[in-house]
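Following are the structures in question.
What follows is chain A paired twice: with chain B in the first complex and chain C in the second.
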Partner chain A sequence: MFGEMIRQKSFGVSLAVFLVLLLAPSFLPRFYIYLLAVIFVTALLAMSLNLCVGHGMLFQFHHGVFYGVGAYTAGLLLAKTSIPWWMAFVAGPLAAAFAGLLIGLFCIRLNKLYFGMLQISLGSLIWAIAFRWYGLTGGDDGIHGIPIPDFIASTTGSYYFVLIVLGICLFLMYLILKSPFGSTLQAIRDNPERCAAVGIHVRHHQLKTIVIATFFGGVAGVLFVVVEGSIFPDLLFWVLSLEIFIMCLLGGWFTFAGPILGAAIIVSLRTFVGTYTEYWTLILGVILILLIFFLPEGIMGYNYRQLFRSRTKYAHDSQME
Partner chain B sequence: MLRVEDLHKSFDDFKAVNGAHLTVESGQLVAVIGPNGAGKTTLFNLITGQLQPGRGRILLNDEDISKLPPHVICRKGIARSFQIANVFPRLSVFRNVQVSVLSQQKLSNKLFRPASQIAIEETGRILESVGLVDKKMDLAGSLSHGDKRILEIAIALGNEPELLILDEPTAGMSPDETATTMALIQRLAADQGLTILFCEHDMEVVFGTAQSIMVMQQGGTIVQGDPQTVRHNTEVQEAYLGDE
Partner chain C sequence: MEGGQTITLAALSITLLVGLSRAMILFIVTSGLSFVLGVLRVPNVAHGSLYMIGAFAAYSISALFGSGSVGFWLALIFSPLVVALISLIAERSLFCHLYEREHLMLLLFTFALMLILGDLTKIVWGADYRSIMPPSLLQGFVTIFDSPFPKYNLFLLIIGPLVAIGLWLFSTKTKMGKIARAAAVDMEMVGAIGINVSWVFAFAFVLGCLLAGLGGALVSPTISVTLGMDHDIIIEAFLIVTIGGLGNMWGALVGSLIFGITQSFGVLLWPQFAIVFPYLAVVIILTLKPTGLLKSVW
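Right, the complex of A and B next:
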């Protein structure tokens, strides 16, 4: 089953990167370990969004909501109840997937941009709840000092936890994209009308994709709580959703690992630029403008060609097996 | 097998299909002919569910399918190709066909098994039967126009249809490609016992291959019958063939 995967060159590279990251805490200062953990969390979030955007052409404009739902569910359960930590950790992604199903049921009836617009509206409702319901959520202050289990409470502990969960999630996403489900999803992306004509229930398939993507988004939310020990309404705000959307575009939305690269660039910029200026969103805007102007058709045009080349190459590889 | 009765479809004030009748018997090779704008493509889109008829019935083995969505109609045994090459441009030729084979085998939802190990034989057999094996790893978007049209037919075959509907299978092809494609269609009909319904505006092609021909004009059916009957029908001669 894994034979084909292991023979690929990219698998060796990923394995090497993973090993280096495992050793990172022994030679990197604490701040950078923390920063890496934040990048991992954001990368998982962007990867989950890209299941919809890049592989399914579903304009999930407000994906941050599901990140927030995952984080709030886990955070509130940890802070306000005495249930075991692992149950809170499992509840986060499940709640996110459920929210994804609910919002998806409405949005899936619409196409392209209209899908995205409705998503923003419905997502903002959830943001409003988190923002306004002081009694439960702490309103705009959020909740801080959420009790995290001891073994992952330290910077290094949370780093390893996030790294391992990220690794598992990436592996699962890879399997999903290479599975019949993933092939069919990419076929729907390329040509929904043709898919319907070969007997595929297009809307069902898309809805399942949304549920899977929001589940992984929820996992990222839980990891955020692990790293930061707090929750606040910005997690569900549309600005964050825009940021992760840009990460997908920047890194290359038709590639598997592109969003990871995008997340690394944006989070690093935000961290280092953020120390000089409060106007981080201004920089983000400039990045967006540069993307549109200097990479025609967004970064997509460039990646499209890359994709053609790498796919053909990969295709020849597997032909030789 | 397929019976279309008094079918109507209007777009605003334009009556695209206006009283169409069609009968397809099992194992037949049936052609629909008519000038551009006669409503051939609209008729096919109505049969396969891309459009909903305003009036009339479409019966597949005596079951009314006129209100069903495309994916359900496909599952009932009708597969089709489209007039404009309608493939999955960013997937390999192999994947293009595999997607429909997977759908046919109800495996489209399998999550954790690599697709590269499922339905390989079936997909390979189809590619072989249409002659695209050499190009199976090419991206569909990079194929020539003629090959894309053939790939379309291959995708439709993945559904193991009872009835295969081809919307102008030779549109835009060179005479050579046209001959090859028609030979392929005849071979498929003969070897696999497929029932095929196609439309075409090349007269030579139609009268040389079809066992039954339905003539459309301005959305309505003038006549349906074997090539001889159609050729000698006065209405058809006036309306379509000219006065030769």
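Right, the complex of A and C next:
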């Protein structure tokens, strides 16, 4: 398995990119280092969503909630208790995975788009609680100036921390997708009925995927706290969830690294366009419409057009059930 | 309880009535969503934005006619039409080209529409709070169980059932309604007997959006009209159609009643977290019956 991975051309490319990124703080200005860190956090979030969306065809429409739960858990533990920082960092993803399990248990009973609708609704409940519970979460102001451990408090420190965690997580995701578990998941995406017929517990498998994806979403949430040092309810808001969904689509949701590209494009656009106009969501909407009409398989998926066609056929057939 | 007030029978009855009148608004909005869902099989995420535009349009129209009674009634008629026109333009120019595509793409289109309409509303009306006075006929209170009850809410309690009956008559007695119901069950067969399915879809979409606009116009005197009301309503509406049974109009009614009443009792019991109560009801219902209370149309 590792041998096969190392022989691939893309492995060499990603290793080279990783090395360049390791050296980046020595030649890039501070603002760009910060921007790169934000892109990494968002990329991890989009990658975790794509485990569900691209590889599992589960319409996880409110993935942002798990990002927020991870960030809030870690942030609140750091700000309000005196437990060691690493425990808070571990608690974030675990809380996110637990929330994923709870919401997943309800949503998994429904199919396709209704799965997504129910998830938006239940996720919004968590948002509403974070938004209203002033005593604990600071309501709509959130909490700012969360104490971050010294060695990762600087821009460069947090950059390296985020980069290394992102690297580890991507490697883990790659292993998961290449494992029998990942293959089964993709088989379920392409033909759930046949998978059920050969004895795979489809719902069980999908629920496990949701828990794994929400765990990585929670990791992204913790990294957000490291980079920004603050938490606020917009992290849990469903417009953010939609934004990361668009990132997966834009980069190419049937490819492994597509969401990273999508995250890089959207975050950069938001940063630079945001300085000119306050109507960012309008632009996001127009981008989405252009994507739907002209590039439904994303930028990286464009090369796999033929492959995509056969898959849409399956997806379409299973939707006709 | 936290409110510190003793809960009397009268308070309970008023709470029930307030919940019912809230449920009527929810029903009018949700029935439109449910209708689109039944025929096009797409949850229209932009439904909430159209509801918001309905409320803003009602404000502008009533302001145009001097904010009096005449303005209000005209707003009630014309703001749903404005919303219908917007949805017709969006449908015919872009949405109708996607019917052959995957359902996910249709859904994402409505997402995009929500983002665009939300910001367009901000551009046209700004981020200020707006409020509309109900017409003089419906101002003030009536006394029920020795407690004051707003006349406007009474008006809502009459309008809601009227809309329900109207929708029922439309979908069972008129030709267009029958075609729409047939298209919901078997779109290809409807096309095969020579009916233009694309226009049936357009009609269903516009009718659904018209109801969103009507809901927005009706709710505008009871709340402050502002940005962000689109997000609140669409999430509630999604929950209601899920518990009621997808695409089922009576399911939308039952769901709205459950939602409205649990919400108003929540306000009575624990105001800060009133929003939790309807969600709790939804969770209980979906645990017992994952497919919703009534049969979904397909």
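The rule is short, and it goes like this: the second predicted complex is superposed on the first by the 295 of 321 C-alpha atoms of A that agree within 3 Å, B and C clash if a C-alpha of one lies under 4 Å from a C-alpha of the other, contacts with A are read in each partner's own complex, and residues count from 1 in each chain.
Criterion: contacts are C-beta pairs under 8 Å (C-beta built on N, C-alpha and C of every residue); 3 or more make two chains touch, one makes a residue touch a chain.
These numbers were taken from a predicted model, which means no experiment stands behind them.
A.B. asks: Given the touch rule stated above, what does A:Leu122 touch, chain B (first), chain C (second), both, or neither?
C.D. replies: Second partner only.
A.B. asks: With both complexes overlaid on chain A, does A:Asp141 touch chain B (first), chain C (second), both or neither?
C.D. replies: neither
A.B. asks: Tell me the contact category for A:Ser183 with respect to chain B and chain C: first, second, both or neither.
C.D. replies: first
A.B. asks: Based on the A-chain superposition described above, do chain B and chain C contact any of the same residues on chain A, and if so which?
C.D. replies: On chain A, the overlap between the chain B and chain C contacts is residues 312, 315-316, 319.
A.B. asks: Spell out the residues on chain A that touch chain C in their complex, using ranges where they run on.
C.D. replies: Residues in contact with chain C: 59, 106, 109-110, 112-114, 116-118, 120-122, 124-125, 128-129, 132, 237-239, 242, 245, 249, 279, 281-282, 284-286, 288-289, 292-293, 296, 312, 315-316, 319.
A.B. asks: Touching chain B in the complex: which residues of chain A?
C.D. replies: Contact set of chain A toward chain B: 1, 4-5, 172, 175-176, 178-184, 186-187, 189-191, 193-202, 205, 208, 254, 307-308, 311-312, 315-316, 318-319.
A.B. asks: If you look only at chain B, which of its residues touch chain A in the complex?
C.D. replies: 48, 50, 69-71, 74-75, 79-80, 82, 86-92, 95-96, 98-100, 102-104, 107-118, 137-139, 141-142, 155-156, 158-159
A.B. asks: Considering only the defined contacts, which chain C positions touch chain A in the complex?
C.D. replies: Per the touch definition, chain C meets chain A at residues 42-43, 94, 97-98, 101-105, 107-109, 111-116, 118-120, 122-123, 231, 235, 238-239, 241-242, 246, 272-273, 275-276, 279, 282-283, 286-287, 290-291.
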